[in-house]
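What follows is chain A paired twice: with chain B in the first complex and chain C in the second.
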Partner chain A sequence: MAELKIENVNKSFGETHILKGINLDIPDGEFVILVGPSGCGKSTLLNCVAGLEEVTSGAIRLGDKDMTRVAPKDRDIAMVFQSYALYPNMNVYKNIAFGLEIRKMPKAEIQAEVSRVAKLLQIEHMLDRKPSQLSGGQRQRVAMGRALARRPQIYLFDEPLSNLDAKLRVEMRTEMKKLHQRLATTIVYVTHDQIEAMTLADRIAVMKDGIVQQFGTPQEVYDDPANIFVAGFMGSPSMNFLECEVSRVDDGFAVEVVSEAQSYLLPVDPNQADLSGYEGKRVILGIRPEQITHVMPHVAEQPFVTKVTVKIEVVEPTGADTLVLARINDQECECRVHPTESGQPGEMMDMLFNMSKAVFFDPKTEDRL
Partner chain B sequence: MAKMSERRYSEITGRAVLYGILIIVAAYYLVPLLIMIMTSFRSMDEIRMGQLIELPRSFTLDAWHQAWNQVQIGARDELGLRPYFINSIKMVIPAVAISTILGALNGYVLSFWKFRGSELFFAALLLGCFLPFQAILLPQSQLLGWLGLTGSISGLVLTHVVYGVSFTTLFFRNYYVNLPGELIKAAKLDGAGFWMIFFRIILPLSSPILVVTVIWQFTQIWNDFLFGVVFSDPSSQPVTVGLNNMVNSTTGETRYNVDMAGAIIAALPTILVYVLAGKYFVRGLTAGSVKG
Partner chain C sequence: MSVTNRKGLDYWLPKLVLSPTIAITVIFIYGFVIWTAVLSFTRSRILPQYEFVGFEQYVRLFANDRWLGAMSNLLIFGVLFIAICLIVGLVLAILLDQNIRAEGALRTIYLYPMALSFIVTGTVWKWLLNPTVGIERFMISLGWESFVFDWIVNPQMAIYTIVIAGVWQASGFVMAIFLAGLRGIDTSIIKAAQLDGASLFSVYTRIIIPSMRPVFFSAFIMLAHIAIKSFDLIIALTGGGPGNSTDVPAIFMYQFSFQRGQLGMGAASAIVMLMTVLAILVPYLYSELRTPKNG
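Moving on to the complex of A and B:
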């Protein structure tokens, strides 16, 4: 176990610049998730940490050791791959024992270690099966077993759950979290699934175009996104972005929204943003669907809450909530209401806009204000 | 009702035509072999009295004995095809083994350990597949002369290995590029090195393509005549050359039965290899085309 430091790492393949100055400090025992759309460089970064790709510049430190030019096998790192990469010619026992054999561990110790891991992951009964005789979830467990057996300093996971069906994925997600709580080892985990990132991580690094856009706890990334990209990527259904004009009201600022030819001024919480430089200019209002709800008396009395009448365009029931698509400022806007409160498409409906968690972005730089 | 039976009949007719054509084609290939086998068991008297293509009236292994170790071939002391057959075996086993191992290693490197210029290297190797035998006769004999291997079995082995490596590399490389690269990454992280990954992981997964390569190389090298006749001296000539000499160096009447028996002896090992491993050959050829 050790802390992992990624210092100003750059990686290019020929002319293509994949990683552009990545800096991440991951303390011992933390579960860090690299998340981003495909092609953002998250898997490349993971491969660089593992030593499977050489960094073009920068350094990778594990504890107090510089691992930048160290061969993968000497980095004391274990990795679980998306395809699991189990050795098809070996049975489960051999798959788990392979790394230990190479490291010349005595036979008896190997046996003890394999049975410890097998017990931990509940795969004891399939030790003499070949990978081809296992289901996806079982292969996943074996791949994790192979990583666990070596007791490395850190674990790397490259989209380990993306080949499983939806139900199994949720199950394995919970197990992964339990496992981390029990082992308390450093984990770097790559995924493109923001729900996986939110549920599993101690901290999330959101990446785009080879740059870390934001590195923070799931709640920070969700509530305090650094820019439009992070705000839109995290959360499902994603945040609404409404371009609107800033105007001054008695003791602060407000943004103007128009619904069905009716104009409303939504007051801006000064704790969320200082819009003093933007009076009369346009900004992008970011507001999550759950901040726009049907009328509830206890919410209506809170500060920074405004009632807006919208016209329902589309209704999407999800069971727990119903998503209502409306048109605000001539842009689509999703609202989250209780299933029994939702109207029908074409009907008018009163919505409460709660601005206490709203965020604002500069329309040009797309950065947070 | 009438319509249905009509359709049934047309289907049956289609099948019948199909099978008819297949039987004719199969016969076209099998009848010559059958005649060879039958003739090899007939006596010369019988052939002389009757026709060349005829069912045998008696059964004798005489022609086989003759061809194997009694007939005088050229001016050598040892009789029959036997010494040539032994030469072929001495040539084919090391040549197949070495070219297959080299091909597997080349394919492994070209798929998983790419280096600067490895694509160019592969392209250059591929060019070797298109080189006609005749084109390398002169430079190869010069090379064998320099190495002091002229007229030896080792010289033949070297020639076949060099010529065959292009093909074996192509086979293995195309098989290995379909193996997931993550397998190699996982093994590297497990601490395995170049050779360990090759022997413990890649080679055990190679059986289908190993079979294809061995059959291909075995057939090519065993059946080769040109290299055999150019790069050998009488003590190292392979069985193809021996058969040719036997058939062409006899004086007097053509002994069809002995010639046929000799031809079958020369062809027997390749037939045997196909019978034993043909199933895997087809399987290996299609391996990788369908993801399992």
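Moving on to the complex of A and C:
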């Protein structure tokens, strides 16, 4: 158990600069998820922490030890790979025991350790099977078992659930969370799936183009995104981005939206953004689909809520909610309504825009205002 | 709905196109195999004749010193040829798999001997190994007067020159097979083993090589049947000599059938060779076709 410090890490392959000055402080026992689109450098960063890739510059510290130039096997790190990377010629027992054998652990201790791990992961009955005889979910467990057996200081997971089918993925996600709660070890976990990131992480590092865009708790990242990229990446369906003009109203600011040739002024919550420098200029309003709903009396009375009449273009039922696609300021805008309240495509419908959680971005820098 | 019973061109064309091939295969492969088997039970000398004598030709065959010599040569050649090819091929493949530069070019260079006919290989190595023009002469001309490398004219050692030439020709091919096998292994397995603390050597000896068992098997089968059927290489390199010291069953079969007028015994030796190849191939095909995927 130890804290992991990633200090100003850069990584280049020839001319390509993959990681551009990554700084992350991960306290002991935290479950951190690196999330981002493919090619953002998240797996490279994980490999650098594991020692499978050498960093070009910067340092990786584990506890008070500098691990930057230490060989992978001496870093006391275990990793679970996307493909599970089980040794195909060994049975499950041997797979779990291999790392211990290499470390010259006495036979009796190995046996005890393997059976502890097997019990923990409920794979005792398949210890003498070969990986080729296991299902995806079982292989996944064995791969985790192999990592757990060494009792390392840190676990690294490289998209461990992405090869599982949707149902199993949700199950394993819950199990992974339980496991972390039980073990309380530091985990760094890479995924491109933002739902996995939201549900599992203590903190999320959102990466793009080799730069950490934001590092915060799931709720922070969701509610207070640092820029348009983070706002758009986290959350599904993703946030609506509407370019609109800022104007001054009474004691604050409002943004103007146009729907079906009708103009509306949406008041801006001063706690969310100070738009004083932007009067008369254009900003990007970021508003999540669940903040645009059908008319509910208790919501309508709240401050910063405005009723807008929109024309329904497309209706997408998801079961729990129905997503309604409308056109606002000539841009697509998704709204989340109760299934029974939804109209048909082509019909007009009243929507409540709740601005209390809306965020604003500069159209040029795309940073949060 | 009008489904006619008349079978049109669509039905007959594939059968028509395939039938010459099938006829040729049946007559010239299976037909002649059967004919050879029949001849091996007859008293045929220069020309086939059909006076059946049971297993007499086989009894004579296994009482023949030249045949026994040929079999023991085949054993020496086969074991060394297969073992050295596997080792050299594996080592080359592992070295080529280390992400080196110009891998494609090197691979082609190593694979090229396979493109040569065994006759060419045999002739080239005959010159190289010839004491009066080849390596020995070259070393002596460099000033190493006492250098001797006369295996090709030494009846005790001549069989090993065939091993050298055979290995030179086939090990590049084995390398290509192993390289394909190595490429099929998930690189994250190697990474995982590194994190587990294994050295590169033990990654190969404990994980990669054991998991390439099917590849070893395929390579072994291919080399084994090359070894058993080897004929042209030996004809070109030593012609079976000096004396009969590099005789192998294929040469024995050819000489007895077509040069010495012992068609019956030649046929018997051919059938023994066929049985040897089948003894290796059948279990292989059985295991390949029977077991589904075994990752």
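As a working rule, the second predicted complex is superposed on the first by the 369 of 369 C-alpha atoms of A that agree within 3 Å, B and C clash if a C-alpha of one lies under 4 Å from a C-alpha of the other, contacts with A are read in each partner's own complex, and residues count from 1 in each chain.
The rule we apply is simple: contacts are C-beta pairs under 8 Å (C-beta built on N, C-alpha and C of every residue); 3 or more make two chains touch, one makes a residue touch a chain.
For clarity, every value in this text was computed on a predicted model and none was experimentally measured.
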Original post:
In the superposed model on chain A, is it clash or fit for chain B and chain C?
Top reply: clash
**OP:** Tell me which partner A:Gln262 touches in the superposition: chain B (first), chain C (second), both or neither.
**Re:** neither
**OP:** Using the touch definition from the top, say if A:Pro131 reaches chain B (first), chain C (second), both or neither.
**Re:** second
**OP:** Name the contact category of A:Thr309: first (chain B only), second (chain C only), both, or neither.
**Re:** neither
**OP:** Using the superposition on chain A described above, determine whether A:Ala78 touches chain B (first), chain C (second), both, or neither.
**Re:** both
Original post:
After lining up the shared chain so the two structures overlap, which partner does A:Asn89 touch, if you call chain B first and chain C second: first, second, both or neither?
Top reply: both
**OP:** Please indicate which partner A:Asn23 is in contact with in the superposed arrangement: first for chain B, second for chain C, both, or neither.
**Re:** neither
Original post:
Of the residues on chain A, which ones does chain B touch that chain C also touches?
Top reply: 47, 50, 52, 72-73, 77-79, 81-83, 85-89, 98-99, 102-103, 146, 150
Subject >> chain C-touching residues of chain A, taken from the complex the two chains share >> reply: 47, 50-52, 72-73, 77-79, 81-83, 85-90, 98-99, 102-103, 131-132, 146, 150
**OP:** Give every residue of chain C touching chain A within the complex, in rising order.
**Re:** 186, 188-189, 191-198, 202, 206-207, 210-211, 213, 293-295
Subject >> Residues of chain B defined as touching chain A within the complex >> reply: 180, 182-183, 185-193, 196, 200-201, 204-205
Subject >> Contact footprint of chain B on chain A as seen in their complex >> reply: 47, 50, 52, 72-73, 77-79, 81-83, 85-89, 98-99, 102-103, 146, 150
